[in-house]
Structures are given as C-alpha cells and as structure tokens.
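Next, two complexes with subunit A in common: one pairs it with subunit B, the other with subunit C.
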Partner chain A sequence: MANELSKPFEKSALSEEDLYKMNKEKKVQITSFAFMIFLTFLAFIAVATEMVAPAFAVPFILVLAGMQFFLQMFYFMHLKDKGHEWANTFIIAGVVLSTPALIALTFLLGMTKY
Partner chain B sequence: MADYSAIIKEKKDKSVLMDWLTTVDHKKLGVMYLIAGTLFFLKAGLMAVFMRIQLMFPESNFLDGQTYNEFITMHGTIMLFLAATPLLFAFMNYIIPLQIGARDVAFPFVNALGFWIFFFGGLLLSVSWFFGGAPDAGWTAYVPLSAGDYGHLGMDFYVIGLQISGIGTLISAINFIVTIVNMRAPGMTMMRMPLFCWTSLVTSLLIVFAFTPLAAGLALLMLDRLFGAQFFSPDSGGNAVLWQHIFWIFGHPEVYILVLPAFGIISEVIPAFSRKRLFGYTAMVFATLIIAFLGFMVWVHHMFTVGIGPVTNSVFAIATMAIGIPTGIKIFNWLFTMWGGKLTFNTAMLCASSFVPTFVLGGVTGVMLSMVPVDYLYHDTYFVVAHFHYIIVGGIVLGLLAGLYYWYPKMFGHHLNEKLGMLMFWMFYIGFHMTFFVQHILGLIGMPRRVYTYLEGQGMDTMNLISSIGAFLMSAGIIVLVINIVYSALKSERVVVSDPWDARTLEWSTPTPIPEYNFAQVPQVRSLDPLFYEKIHGDGKMKPAEPLSDIHMPNGSILPFIIGIGMFVWGFGMIMLNMENAIITPYAVIIPGFLLTFGSMLVRSIKEDHGYHITVEELKKLEKEVS
Partner chain C sequence: MADHVDMTKGLPSNPEKATLEGRNKFLGFWIFLSGETIMFATFFGAFLGLREGTAGGPTAEELFQLPLVFIMTMLLLTSSLTSVLAMYAMKRNNFKAMMIWMSTTVLLGLAFLGLEIYEFVEYVHHGLGYTTSAFGSSFYTLVGLHGAHVVFGLAWISTLLIRYAKSGITLTNAPKFYVASLYWHFIDVVWVFIFTVVYLMGIGGA
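Entry: the complex of A and B
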C-alpha cells in the first residue's frame, strides 16, 4: 500500500466541477492581481510626479495601502473562502494583536512624550 | 510496505540510544522534554543557590560581581526558555494527543525537530561558560549593555543560542495548534476539550505571535553585534528604547505563555481530586482568551520608568489592571470547583490547591506594580523579584509539580511515593515563602535587584539570611523529589489499571503502559469529561468511533537530531566571527554547519518515507497482550 503512494496518477482526479471552480478562481486571482498592480501604480504616480499635492498624497497612499492589504488578505490569502475559518481566526488574531504594537511603536519612539 | 513484525524486530535490533535519538513518538518526546527541562532546571537552580549564598551576609566575597552578573543572566534565561518552557512542553506533548483522542501530534517529524533544535540551542547557550564567560546583561539583555561596546562574547552566545532554541519552540507551537485544530476525535468539539488543551492551544498561539518579535529583535541585535549595524546605537541614529519595546512586546506575552499551561494543569488536577466537574468551564475558556488578548496590550508596564509620558503610562496601567479581572474569574472557578467537593489531598492536589493562594499574592503585587506612581518606587527593586517569583515558582513550578505527580502513573507506569511527596511539598512550600516573602519588604526598603552585594547595618542583613535559608530549604525539597523519582522507580508498585485516580478525561481511558498508537480504535466522545460520562451513562469504557483497522504509523528518523547538530555548529561558527583568537577561521565552521542543516532538509525532502502500517491481526494480538 505504502509503495503505491509514490506512483504518479494516470489521470487527474478532479471532477468537471472542480475544474470549473479552479478556472474561475484563476480569473479572480488574475483580476485582483492586475488591480493591485494598478493601485501600486497610482501610489507611485502620487509621489513621483507633482500632480498630487503632498498633503493629499500621504492619506491617499494610506488608503491605497489599506485596499492592498484587504486584497492581499481576502483574495490571495483566501480569507474570503469557505472552509478557511480556522486560518481566518488566526490571521485576524495576528492582525488584531500586532496593530496596537505597530501604532504604539510609531508614536512612542519619537521625541514627543505622550 | 514493511510489515509490523519486521519493524518490531528492527526496533529490537536498534540500540536503546538509537531508538530514543530517532523517535518521533509524542510520548517519548514528552519524556525527553521532561528530562532535558529537568537538567536545565537543576542547573539554573544551582546558580540560584550560589547567588543566595553570596547574598546571605553583607559584603560577602563568595562570588565576584562579574560572576554574579553571569549567574543572574543565565539563571533567568535558562529558567524561562530552557526549563519552564520545555517542562510545560513535556506535558503538552505527552497529554494533548491523549486528551483529544489522537494517535500522535499532527507532524511527528516536526515534533522531534522542535525538540532537537530547542535542545541544541540551549546547549549552545550553555557552552558559553567555556569561552570567556556566560552572558551578563540580564535575561532582558538591554542595550547598550548587551551591544558591541559593553557586552562581551557571552552575549553572542545569548543572541545566537536563543535564536536557535526559539525556532524549536516556534515550530513545536505550530505543531500543537495544528494538532488541536485537526486531530480531535469524533465528538470532541472545541467546547468539550479539556481545559489543559485549551490553555495549550492559546499558549501556542501566543508563542507564534510573541516569539516572532523576539526572533526579529534578536536578529537585529545580532546584526549590530556581528556585522556592525546600528539599530540600537543612538550615536549612529539608532534607538536604544526600541530594544526594550521589542523585548517586552515578546516578554509580557511570554509570562502568560508560561502561566497558561500551568493554569491548564491546575484545572485538570483540581476537578480530578474534588470529584466534581470544573466549575464554570465556559467562563474559564473565555477568561483564557481574554488574558491572551490583554497580555499583548500591556508591555509598556515594564517601561514605566523609561519616561514615555503620562498618557501612555496611564493607558498601559489600566490595561494591566484589567488583566486582574479574567484572572480573578479563574481563581474563583477553582475555589468553587473545590467547594462542596469530595477532596483528596494527595501531593498533586496539595500542589494544585496551594497554587491558588500563592498565585493570588503574585497577582496582587502585580496590580500594585501596575500603578505608575508607586512603580517608580518599586521598579528594579527586590519587590519586582518577589512579584514574579510568586507567580513563576508559586504558580508555574507548583503547577508543574502537580502535573508531575498527577500524570506520573500514566507516563511511567508507577506512582511517585506519597510520603516523600508530602515531605517535598512542605519543604518546598515553606522554603518558597521564606525565600520570597521577605523579598517584598527588602524591595520596599530599597534593596535594588541585580546587585551582587549590600552594605551592613541597613536593616537588610536578617531578611537576606532568612531568604537564603528558605532557598536552601526549597532546594532540599527538590532533592527529595529527585530521591523520590529514583526510589519510586525501584520500589513503587507497578500501575496496571488504566485509570488509577478514577479521573475524568480521555488520557485515562488508554491502557498503561500506553501502546505506541495510543488508541487501537479512536474513541467516540459524547460529552465534556468523556471518560466520566461513560462511567455514569455507559459501561465505563469509551465507545469506539471506528472499526478496528490498519493503523498508519510514521517511521523514526535521525534527521531531526542531525539538523539540530547542524544548527549548533552553524551558530557556533557565527559566534566565532566575534572571537579574537579563534583557532580556525569561522567560515570553516559556519559552512559545514550550514551544509549539514540544509543537506538534512534536502534529504528529508527528496527521500520518500511513507511510514508503515500495523495490520488488524497484529493489532488484535497487541491488544490482547495489554488487556
């Protein structure tokens, strides 16, 4: 039995439906990837050219970053998928636990005392 | 496929040593964690005794200042990373799969790997004694004391040794998480899981999120020390306070990493010897989760006196005090579990129940410390030392002892002697309070911590003497424990029943000694405290959830051991970069270590190893032998 495990499969074990789902997922991934490149491009324009005022550029980039983070998490790390509840729990726990640390460090390491 | 009898034969041919070096069985690894942790514990305990001898009398010259500093650093570092953590891991390894009705952890190979990496990391830290002295900047390793200008070679051992052993801890924690999430027996829902499994799960989660910042911090410190980076050196635009933040973002969760499994052990032992179910199980689970969450939000309470500012200090003070609430819930639940129960005070129960008041004392001083204005007074005095020893010794060590006496019959097939156990308990308990209670007062009258001596006539002489005598008593208690272990191994009656305590959870449904595969048939769980449920509503035996069928088992492997050695050699080579008169060039050590580590990983990746099967016939034969 165990020896058989090393043999390659003769034909794919995927059903029609699995294949259909996989293709659909592929499309979603490519679309979101293209969209993320586009967002990066916007961020780049905002700082590299003088078209956007710096006062606006900073919040603008932060909003873009938020969107990137969302896409990364939900589309590439599959937070949106069914059957990922445990993985979601842990990823979200990580975000919840590390965000205060990051915020605190941004503020507390400077010269200003709060 | 190799069949089982051939494997058994091969196993018999293997020497005992090879069997243990190559094992991937969670039970054997649990025992190995127990042994390694105990050795580190004894070593660090000996250092503590030396320190107490030095502090017994004012202006004593037993140790010089430098040696004393090396002792405090090694004592703290070893006790936290290499004694308490592995001892808790020992029970987690051994008990979690049994309690959730699994045949092993999710990744047996990774389990062995975690052990050996931890072990060799600890060994690397320990060999520092032979290369110009141990690290001496405290277990917190604050910069600039630990950075290139002041910290000598010992600090390189600290930085590299802890990075290596931290990898071991991290992968074991991930393994526990996957095990608990995926390997529960049918019917064992999350809310039917014994509390020990819950706290172990939460601890593993904390390890994943707390050891990663530590690894990052240590990596930065390593870059500073070995490669001339300047993350922590203000002269070159670095920031020294950054280290403190990173350290305590890890450090405070770390204290909960240690105490939560101890909570879990207590929550197993108290119901077992009160003959009652745990009071407020659901509240206990949620209190654990809240403690874990808050544990990440309070690290600045270690830095109140740095001068971060009043608003920040207040926010973190309040967050710190809030932890008292879920902790209080737990305390009351343990008390209510005992209330009206049919109590049996054997050694396990004595340790578990006396955990409760000592832990409360530690919690009370904790809340005192969290009040910023007075913390300016307490900070870096013996008051803090008393606080955390009440929690670590009075909490974690008592929890470990309770667990040891409780699970010993299952793990080793015989009880520990009760008379010697009682003797140990009372010596340890009285010694403990003698040692640490007076330290509160010493701290209040201004004795600073981490200073190797004090002057005569400042009102500190008597209390220090009492404290030292208490420490000797406590050590004598531990010696009694060691004697007990040897004595019981020789004299104690063998336990042949599966359930010597008439307890409640699944691990007591397995035969003693436990077969390699734990459960011939995975049990069907019908309620919280499944074994107790079957005793009341069934025939006292777990119902199987599957027919008797072939069991798939993993093969042992020597690779984890070799990877451990590889990392040791590699790490040692890195340290040699800072050695002034190394005999050979460091790269002659780094490269072989590197190749050994990654070479073994490569072998593991390309060599197929599907394990073996125990067939039904063999299983039937084996089951007949045990019953």
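Entry: the complex of A and C
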C-alpha cells in the first residue's frame, strides 16, 4: 500500500474540462496577485508622499491590509473553494478570537503605562 | 481510505486531497494556522501597546526606511505567487516545473531573510538594541518571530525539495508540498500586517 502511494504517475488524470477550469483559475489568481501588488503600492504611496491626510492614512492602509488578507486567504490559499468549510471555520474562529485579544493588549499596555 | 483512489488513470486532479492522510494533513494544518493567527495577534497587540515607549532611544520614524521595506514586501509577495504556480504544476503532474517554482520560492525567501538580517544589524548600529526600549523589545520580538517563521519555512521547503528530488509527484508527497505552500502564504499574510502596522504606521505617524 505504502509503495503504491510513493509511486510517481506517468500522466495526469485531468480531463480537458478540468484543464480549462484550472487555466481559468490560474488567470484569476494572477489577476489577484496583480491586485495585491497594486494595493501594496497604494499603501506605500499613501504614507510616503503624504497624499492622504495622516489621520486618514492609518485606517486607509489598514483597510488595504484587510483586502490583501482576504485575497491571500480566499484566492491564494483557496478558502473560497469547495471542501474548505472547516478551514474557513478555523481561520474565522482564529480571527474572531484574536481580535479582542489584540484590542485588549493594545489598550492595556498602551494606555495604562504611557 | 487510500484504496478508494483510482490510480489507473494517472495522477488525480487534486493529489493533495486524494488520500485520507492528505485530507487529515490539510485539516490539521488549518487548525494550526488558526492557532498561529491568535499567537501573532497577541504579539501585534503587545507591539501596538508598547510602540510609543521609546525611552529616549531611536524612534520608528528615525529608523525605518520605506524603500527597503518595499523591496522586502515585493520579494515575499512574489514568492507567494511562485508557490501558487508550483501547486498548479503539481496538479498537472509536472514535477520539474513544481520543483523549479518551489526552488524559486526558496530563493526569494532567502533574499527576504538576508534583507531582514541586514535591517536588524543596521538598527543595532543606530542604537536600537533589544533592551533599549519597550519599542525595541516589542519590535524585535514581533518581526523576529515572523523572521523565525521564514527560517522554518525555508528549512521545511528545502528539506522537501531535497528529500523528493527524484521521486516525482506521488500521493505521499503531494499533501506535504501543498501544506508547505499554505504555510508560505500564511507567512506572507502576516508580513502584510507587519509592513502595514509596524512600518507604515510607524512612519506615517498617528
């Protein structure tokens, strides 16, 4: 059994339709990569050139980071695909649990001490 | 279990999920990532709370240089794309292409790591030691933790590349490569928040 599993394959079982879908998906991912680069540029430009008012820059770049998080998770890490229900559950639970922890730590350390 | 896999037609279209072991690795890895999310959040929280505490030492605005951070970000983002491309090659049973894309990922990761080490050395020269200030400690801990993840990821992928240098894509190693690429994406996700919260917010005031 274990031997069977460690044998390479001569060909791929992908059908024409599978290949078509895969190439389409690949295009979507390359587009999302281009979008991520664009978002990164935007964030750096917003801070470097001070085009955006400083008070607005922080929420602005945080939103950009949130968008990149979404793109990475759902497109690069396939969270949007079928069969990722539990993966979604875990990562959403992680984000939900860590948000109050992060806010609490920031306030606790930042406001009590300084 | 594995006996349900039809191996006569060639490599299944999702080789990483073709066996029960592969599916278990996949699920277990997402549980791990969930835990990692929480761990990184606590480090981010500590940094956000302590970043104003420079204790007379160098401040973020004096130290950070946007061009360097920008290059590091581009390197890591691109390495994320190359590992996506490696996974496409894997599904197509194109072993050689997968190895090339994975090796590219490792090289880009190494370049990133080199720049990060250079950056830390530079900051120490400018007087920001680990114990200089609360800002220094929390900065080195957060960014260093991410750097340690990069080191681990590089060691992991390199080990896979060496271990399976000649084996071709099998149902044993496909889940391993897949999970390693998930890990690499996660490192990139964390870096997105580091460059935003640590560097850009450090320079952009507020």
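As a working rule, the second predicted complex is superposed on the first by the 103 of 114 C-alpha atoms of A that agree within 3 Å, B and C clash if a C-alpha of one lies under 4 Å from a C-alpha of the other, contacts with A are read in each partner's own complex, and residues count from 1 in each chain.
To be clear about the criterion, a residue touches a chain if its C-beta (ideal position, glycine included) is under 8 Å from a C-beta of that chain, and two chains touch if they have at least 3 such contacts.
In this text the structure is predicted, and so the values were computed from the model without any measurement.
J.: Once chain A of both complexes is superposed, is A:68 in touch with subunit B (first), subunit C (second), both, or neither?
T.: The second partner, subunit C, only.
J.: Touching A:49 in the superposition: subunit B (first), subunit C (second), both, neither?
T.: Touch status of A:49: no partner.
J.: Pick one for A:86: touches subunit B only (first), subunit C only (second), both, or neither.
T.: Touch partners of A:86: subunit B and subunit C.
J.: Looking at the overlay, does A:94 come into contact with subunit B only (first), subunit C only (second), both, or neither?
T.: Both partners.
J.: Touch test for A:6: subunit B only (first), subunit C only (second), both, or neither?
T.: both
J.: With both structures placed on chain A, which of the two partners, subunit B or subunit C, ends up touching more residues of subunit A?
T.: After superposition, C is the partner touching more of subunit A.
J.: For A:77, using the defined touch cut-off, is the partner it touches subunit B, subunit C, both, or neither? Pick first, second, both or neither.
T.: Second partner only.
J.: Considering only the contact definition stated at the top, list the common interface residues of subunit A for subunit B and subunit C.
T.: On subunit A, the overlap between the subunit B and subunit C contacts is residues 1-2, 5-6, 86, 90, 93-94, 97-98, 101, 104-105, 108-109, 113-114.
J.: For subunit C, which residues count as touching subunit A in their complex?
T.: Going through subunit C, the ones touching subunit A are 2-3, 6-7, 9-13, 17, 19, 26-27, 30-31, 33-38, 40-42, 44-46, 48-50, 52-53, 66, 70, 73-74, 77, 80-81, 84-85, 88, 91-93, 95, 134, 167-173, 182, 185-186, 188-189, 192-193, 195-197, 200-201, 203-206.
J.: Which bits of subunit B are touching subunit A when the two form their complex?
T.: Per the touch definition, subunit B meets subunit A at residues 1, 177, 181, 205, 208-209, 213, 239, 241-242, 245, 249, 293, 296-297, 299-300, 307-312, 608, 610-613.
J.: Could you list, by residue number, the parts of subunit A that touch subunit B in their complex?
T.: 1-3, 5-6, 86, 90, 93-94, 96-98, 100-101, 104-105, 108-109, 112-114
J.: Flag every residue of subunit A that touches subunit C in the complex, lowest number first.
T.: Spelled out, the residues of subunit A in touch with subunit C are 1-2, 4-14, 18-19, 22, 26, 29-30, 33, 36-37, 40, 43-44, 46-48, 50, 54-55, 57-58, 61-62, 64-65, 68-69, 72-73, 76-77, 83, 86-87, 90-91, 93-95, 97-99, 101-110, 113-114.
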